[in-house]
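In what follows, a single structure is set out as structure tokens and then discussed.
Each chain carries a letter (A, B and C) given by its place in the written order, and its residues are counted from 1.
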């Protein structure tokens, strides 16, 4: 059996989620459609600083679409129609004059690792370079720090100059996490990051995430119910574009739910 | 096992015949190329020498070489490339990286198809009307090269667009998610990973440009001039026009020389083409993803 | 922390660079449209004086008297139109079956190295410059035709048509092959599972499914032949004549412009008349290309 206590256990010096402060992400009446087909309907929720916020639900329930809307990636998806309000740090994301600065505050990790066709080093140094960091020493420092925090440094420190795509799947996924961290983000979005990663690496990444919680806010989209249970402080359940349930992860797994479908999904009766 | 019925056997025979007929048809198309190249080498080969390449024609073009025409063709091609590559790459970037699926984009695509389909002599008329007279460049390398540039623009656009679209979309997404602007994404990821494909297209364009005759006849090429061009406002000899001239307008040119000129011209064109093809085949085995 | 995030929301150099790049790239993007309009405008502009002046439409389309340099100039383009039509028509007669056959062979029968080699040879065929083709017509085909058919002149419809057919073949082969390749393999597999031989599959499934693409290929081939200049000029004999046999010399629209433009005075009637031929060529190729595009678009919709 899995450990009964849900959510990441607070580590030393980690005070945990700040439910008493203003939320970092506020979503109000968010409806997204592709053409005439609605992908997400009337989502309203808050995400607080320093929490790991889990989103679970079967395929096509709008989880990925939700993440894309948060950093205004709809710009690159013609036909994706976003309606409603999203505020990050209290500021409507559509009010940002420089949307690229907004995106640079948000690190994103995809289901399949996307190593840029660059060396390991250049993958991690990419974002710092965009921000105008040129000094080799400074870049070296960022690369080592981010790779270390993604639990990859020891494995790649001797092959920083080989192509990122030559690493194993699990290593590549940690490389993309290191790359996301190199943005020095306030928010980290993970979209089913473990789909192509072996269980041992998954566990290592989960440990990394638990440590990161003290520094940033994590939105974890996952198709593994137990992963949400292990990591998330609070969890939302999306089903066919609707927010069915939201609450403390513990409550969801203790069946303190408002909707029967939540229990059904968690217990694996569908999905 | 199944027995081969009469019907079955007949349809297999039909298949065999069809295959043989189509094979012959293909052969009928490709054999002439080999015959032509073979004849040009056989009849023009003896004329080729360093002297032929590096001396000007003498004695009413009945002796000497092709040096000024060779230099002129290089001028025309280089100036045409300088004009068409930036514009063509920009157009391909727009179509591949920016253009939404709308009426304007469809119009642009249609314009590209038409630009490639308009007869070369109409391009020549355009060059005369626009560059020679309207912009007052006179008959010059500049006017001829710009005419060639407009004409071969579709080659660059199509090849570049293909190269750009071969870069996986996931790379762009990853960059955008890191907060890179579209331009940063293009400059740091898309272009570096498609540059060799673009180069393939540019080499192909060199091949096309160096063989064109009609567009330069009235815009900048001249039959005979002793001086090598010194600026883009000079007229120049060119290999393609030189071949036309000695084959049709000048009498008494020995066969060896006309075949030699044709051989040099087709040599340039096919060499460039072969480099482009070879490059493409090589690249296919070199993908980083 | 909210303050930091807001402070980061500045339009920096990268933002402005992106904007500038967007504008530049857009200008490049519409350049093709600008140029095609430019071609139309400039060719029309130079021809306009003639069209509204000396042009007699009836004479232009019905007379074969093209005498622009005589003291009493006449501009009958009928022989030129017939010349272009006869050479293009003869070229297509030879080239369409061969090109489509070659496309079928390359797409459906040839495999591996053979396929690659054939494709490269077809590409080389496309690469040979038109002036070299014309030279081949004059110096190789011309004596060959005289010897084989025992005729006095080897420059005419036959010579130019064969050359033009070879020149138009690569574009037809390539486009037709693309069209055949675009037929999903599931169609082929389904038919083969029913016991059809490959040839039956091609005949009953692949060709019907790709007929629009094949039609577009032929149209583009016609456009290519119609607009060809140097090769026709050099191999057709360039004599104003309504041909009665394939050995007769003819004169094409394109070739007329190429051979006469150099001798005209800027702005004269003759100059304008040649640009008027240009307008005609532009419009016809435009319609051909447009039709081919519409036909191809038809497939994609399905």
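As a convention for this text, contacts are C-beta pairs under 8 Å (C-beta built on N, C-alpha and C of every residue); 3 or more make two chains touch, one makes a residue touch a chain.
Quick caveat: nothing in here was measured; it's all calculated off a predicted structure.
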* Asked: Between chain A and chain C, which partner chains are common?
  -> B
* Structure fact -> By number of contacting C-beta pairs, the most connected chains are B-C
* If you average the Cα atoms of each chain, whose average lands nearest the overall Cα average? -> B
* Most remote chain relative to chain A, going by C-alpha centroids? -> C
* Structure fact -> Taking each chain's mean CA coordinate, chain A and chain C are separated, in whole Å, by 54
* Asked: Cα centroid separation between chain A and chain B, in whole Å?
  -> 49
* Structure fact -> Averaging C-alpha coordinates per chain, one finds the centres of chain B and chain C separated by a number of Å equal to 15
* Asked: Residue numbers in chain B touching 2 or more other chains?
  -> 181, 184
* Got the chain C residues that touch at least 2 other chains? -> 14-15, 18
* Contacts with two or more other chains, residues of chain A listed in rising order -> 100-102, 104-105, 130
* For chain A, which residues are in contact with chain B within the complex? -> 71, 73, 76, 78, 100-108, 110, 112, 114, 116-117, 126-127, 130, 163, 165, 176, 179-180, 183
* Under the touch definition given earlier, write down the residues of chain B that touch chain C in their complex. => 11-12, 14-15, 18-19, 21-23, 25-26, 28-30, 32-34, 36, 39-40, 86-91, 93-95, 97-99, 104, 107-108, 110-115, 117-126, 128-130, 133-134, 150, 153-154, 157, 181-184, 186, 207-208, 210-214, 217-218, 240-241, 243-244, 247-248, 255, 258-259, 262, 265-266, 269-270, 273, 277
* Asked: In their shared complex, at which residues does chain C touch chain A?
  -> 1-2, 5-6, 8-12, 14-15, 18
* Asked: Which of the residues in chain C come into contact with chain B in the complex?
  -> 14-15, 17-18, 21-22, 24-33, 35-36, 38-39, 42-43, 45-46, 97-99, 101-102, 104-106, 109-110, 118, 120-125, 127-132, 134-136, 138-140, 166, 169, 173, 196-200, 202, 220, 223-224, 226-230, 234, 254, 257-258, 261-262, 266, 274-275, 278, 281-282, 285-286, 288-290, 292-293
* Interface residues, chain A side, partner chain C - complex -> 49, 88-91, 96-98, 100-102, 104-105, 130, 186
